[in-house]
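Okay, so chain A shows up in both of these, paired with chain B first and chain C after.
Showing the complex of A and B:
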């Protein structure tokens, strides 16, 4: 029988919560394994820095307590939805910093994922339909070439070409403080700033997805049910959509859900290259300054989004593939 | 009285492009199928029998191409059909059941929807009407009409193949091609399906082109059988005549290579050797290397596929009978 079985959903949910707990625990331990002391670091950055000042900070942050006590406190605060206060931006709550950064990350990552998947599905299908043609060879050849280039290098090349030499686009940041005016002007400015980061992410992620879509389609085309659909005298469009694409898109759908799950944490390199004020850049800065609560907060958000999207994918997949049942 | 000829294949040649050169998969095959006839096409794997089936439906793809001959359906050459003519020919005139019971159906669409696709693509009927028709079709092959909403994976292999057979009959075609329809199924299921196919044929009057390497199965149910070897037809005859008086040494060899359940015990004989290279076929008769009746001229002269009796044809220089 198809449809949701409550038992399955509960089981999935429990497993999601368990995964999350593990992730959050590692989250707590990792920054503390880095070595170095956040209080001393902060004191060293301060004009009035001294060992006493560092000791005071330690007490303030609760770092003088045992690791176990800190862990219990951390979990308790998390359960109350409290991510703590940032050390380096004291006393700004971590939540505020993250809430400010998240929309920027989601903007560029989700935009680039959607564009990338749409293009990959379209070009991959076209390439498979015209297998062996000049277009197909060009697509496959370019894809393999692009796939072998590391992301940060593509990012830097793009900044250099379009930002520095051509000066068509800004080299960094999410918006220009100087731009005021109506909603349209601001939105335009934001899109203008987001263009290069999105472009770089689309270019790099497109290649692999396109190749995968192409081979999925080709694989489906060789199935007997496609031959039979042709023999049935169905129209070409129907064979392509109902018989070929529905099957070829299934593996890609999992890929899409997983990519969306990684959306929050997936743009660290992009945000560094383009100095884009999202979660990635925030995480990086937090790590550099031993800002435990902020590191924990960023990673917690990343973990929650990955686990949630996986959970959702598990629930949605049986609805699009009847062979997978929710039991 | 001579029955109307539905399908007439004349000198069909099909080649596959391989790296080493063209493979002559089918070379100069001719045969006729009459209205309501159960015509069997038998031969070893790779002898070109499936290629013929796919040629008739114009479903060859990629490296394969038809390089000569005609396929006439009720006097019209299928190879000359335009796009729309071909679309109508497919399924309305001639339908097909493929080998693999597992992969014949789209795994993510209900069988009802797939049955209805065949109907809706060819006839201007409402969805309700199409649903009713699909239910009736399932009943034809003894499947509960409630199963219309089932997905292929929810059915057994035999049921799936019956669904495809029901689908093949949806538009009451004149010809149904079965390409090894029961090879993937166990013997009991195979028996039931074949029996049902014959019943339906007798009720509805379509002709059958049945392709298999299972000669004993074919001897039980066909009206006429053609034997293929290495892309050529070596013998064609009504079943009884073929069983009693095979004219080609290959046919005779095939008939002696399986046991009879009820007859006396005899020593089984295989056929020594293997199929020749079809990229550079040897001169003369292709079967010469493996033939027990081989004479000197067999390697030089290509035998004609000639009439030797009523409906009996054979391609051999030294036939086992006059």
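Showing the complex of A and C:
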């Protein structure tokens, strides 16, 4: 593989592990710093009548030990995939609840990112080619406005329009229990339910990406080799496909990586609006019922997924742009 | 004396370029002034108290209730008017906190460079990967209570990463300019050069960052409120949307409850973005090259 050095991979890997370690340490320290250490929850939980749970928690966290030993224990359990036991759904392990929720979040986050990027590339390029036109101004102006709209509000409006008024799509949830039958029928049902959440996430995230793509193209157009290509008399279409697009796509790929975390944040609010059973809704329900092990588990899994996806993107990046691993 | 006079005309030129001849910024400032006036004169403008629950629930807009009545029998127009106060103050205060941290870290990392800069930027990069909103949510979940002060601190203290990056990259290119060398030769200290020499020269980028951070803070406040992590005793636009959603405003067809707060957030946020972007465009034109946040 051209330009794919081992040193680069190792460097990215170390950085990913380091980031993860920081996130997980914060996750460990937070409940202990906020005045409410697990022992305190235990007291309140057992007051609610679940001594059995209190006992389990005590073992889980090793609360009789020093904070350092607790920390080591926490990391060790995490490495074994043990995230504790949920209080809300006692005695279901946190891991099982999260494993059930995570595919739904991945489904809507990844689908919406891909669609939004495809549209952003297309509209951004078109807008840049017609710079200063009515179309360009309309696109840029609308994008600025949309960038200032909260994710969840778009979701609410979309539910109201397509779910309530028009009744084209379901107002929430990920699946209809009544739909049985073959794989195709179920997949269709899932897509039908995912449509509105994905649509609302695409609308909001499209705006910023489009503006970025537009300025990337404009920047590339001002560079010398494009000017040279024009001087050689190459057609505009050819310049665009052969030179400009490829080079303008690269920076937006970096944007893709950095937008993952943002997309997960957006998904939390979107899932709440659509009662979509992903990790966001699970987190919010856990917060409502003060299910601390589940809250921590959710944050841990969000951190792990975002860092992993970032690392994968880091690995793909030099395949697209060989210059990266050289620097 | 003479030097002062020259500086004045310089700053007048800058003012002229960035504000007086800048239509986008003028529109943005117009919108902000409008909402600020609404916030200041809220008691005069609002026909009723925001928390007064004396009316028929779910009443559609009428001449008596311009934006109808919510599920608790409260006048929605009055709530929108009073909500301006909370949303603007949270946005601006959190934005200021973010700016202080962002400017300081950005300047330090960009000017000092070396080990300090390297370590600071490493930290920034690490935290950029961790989803901010998810982090704020668990912070809010573990805090014993969520008053307006906590809200401002959480939003303000966690949003500065992008700003630090942007200011650092501007500072890096400024640090190579002659006036910085001149200041060094005069024996000025690091902090003095950072704030007295470099900062004034990158003010457009700093201002652009600051106003955009305010939009970000307002959006975050709205989202946290919507997720039920705001201060329930406050009436902000986000809080209104949260209550409307929780009380099934969609099923009651209460568009008059859901639309106004959202439009207000978007319009006010848009005005800040408009100012920020126009500043960046002008600055980029001056320096010959694109400046991105």
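Criterion: the second predicted complex is superposed on the first by the 263 of 327 C-alpha atoms of A that agree within 3 Å, B and C clash if a C-alpha of one lies under 4 Å from a C-alpha of the other, contacts with A are read in each partner's own complex, and residues count from 1 in each chain.
By our rule, a residue touches a chain if its C-beta (ideal position, glycine included) is under 8 Å from a C-beta of that chain, and two chains touch if they have at least 3 such contacts.
Values in this document were obtained by computation on a predicted structure and should not be read as measured data.
Chemist: Quick one: chain B or chain C, who's touching more of chain A?
Modeler: Counting residues of chain A touched by each partner, the higher count goes to C.
Chemist: Thinking of the overlay built on chain A, is A:316 touched by chain B (first), by chain C (second), by both, or by neither?
Modeler: A:316 contacts neither chain B nor chain C.
Chemist: For A:14 in the superposed arrangement: first (chain B), second (chain C), both or neither?
Modeler: Neither: A:14 stays clear of chain B and chain C.
Chemist: Could you tell me if A:229 is touching chain B, chain C, both of them or neither one (first, second, both, neither)?
Modeler: A:229 sits against chain B, while chain C stays out of touch.
Chemist: Please indicate which partner A:27 is in contact with in the superposed arrangement: first for chain B, second for chain C, both, or neither.
Modeler: A:27: touches chain C, not chain B.
Chemist: Quick check on the superposed pair: does A:243 touch chain B, chain C, both, or neither? Answer first, second, both or neither.
Modeler: first
Chemist: First (chain B), second (chain C), both or neither: which does A:164 touch?
Modeler: A:164 sits against chain C, while chain B stays out of touch.
Chemist: So, does A:67 touch the first partner chain B, the second partner chain C, both, or neither?
Modeler: A:67 contacts neither chain B nor chain C.
Chemist: Spell out the part of chain A that touches chain B in their complex, as residue ranges.
Modeler: Residues 223-225, 227-235, 238, 242-243, 246-247, 250, 320-323.
Chemist: For the complex, which residues does chain C have touching chain A?
Modeler: Against chain A, the touching part of chain C is residues 125-135, 137-139, 141-144, 215, 219, 222-223, 226-229, 238, 241, 245, 250-251, 253, 255, 258-259, 262, 265-270, 272-274, 277, 290, 292.
Chemist: Hey, which residues of chain A end up touching chain C in the complex?
Modeler: Going by the criterion above, the answer is residues 15, 18-19, 22-23, 26-27, 30-31, 34-36, 144-145, 147-153, 156-157, 159-160, 163-164, 171, 215, 219, 258, 261-262, 264-266, 268-269, 272-273, 283-284, 287-288, 292, 295-296, 299, 302-303, 306-307, 310.
Chemist: For the complex, which residues does chain B have touching chain A?
Modeler: Chain B reaches chain A through residues 57, 59, 86-92, 95-96, 98-100, 103-110, 117-118, 121-122, 151, 153, 164, 167.
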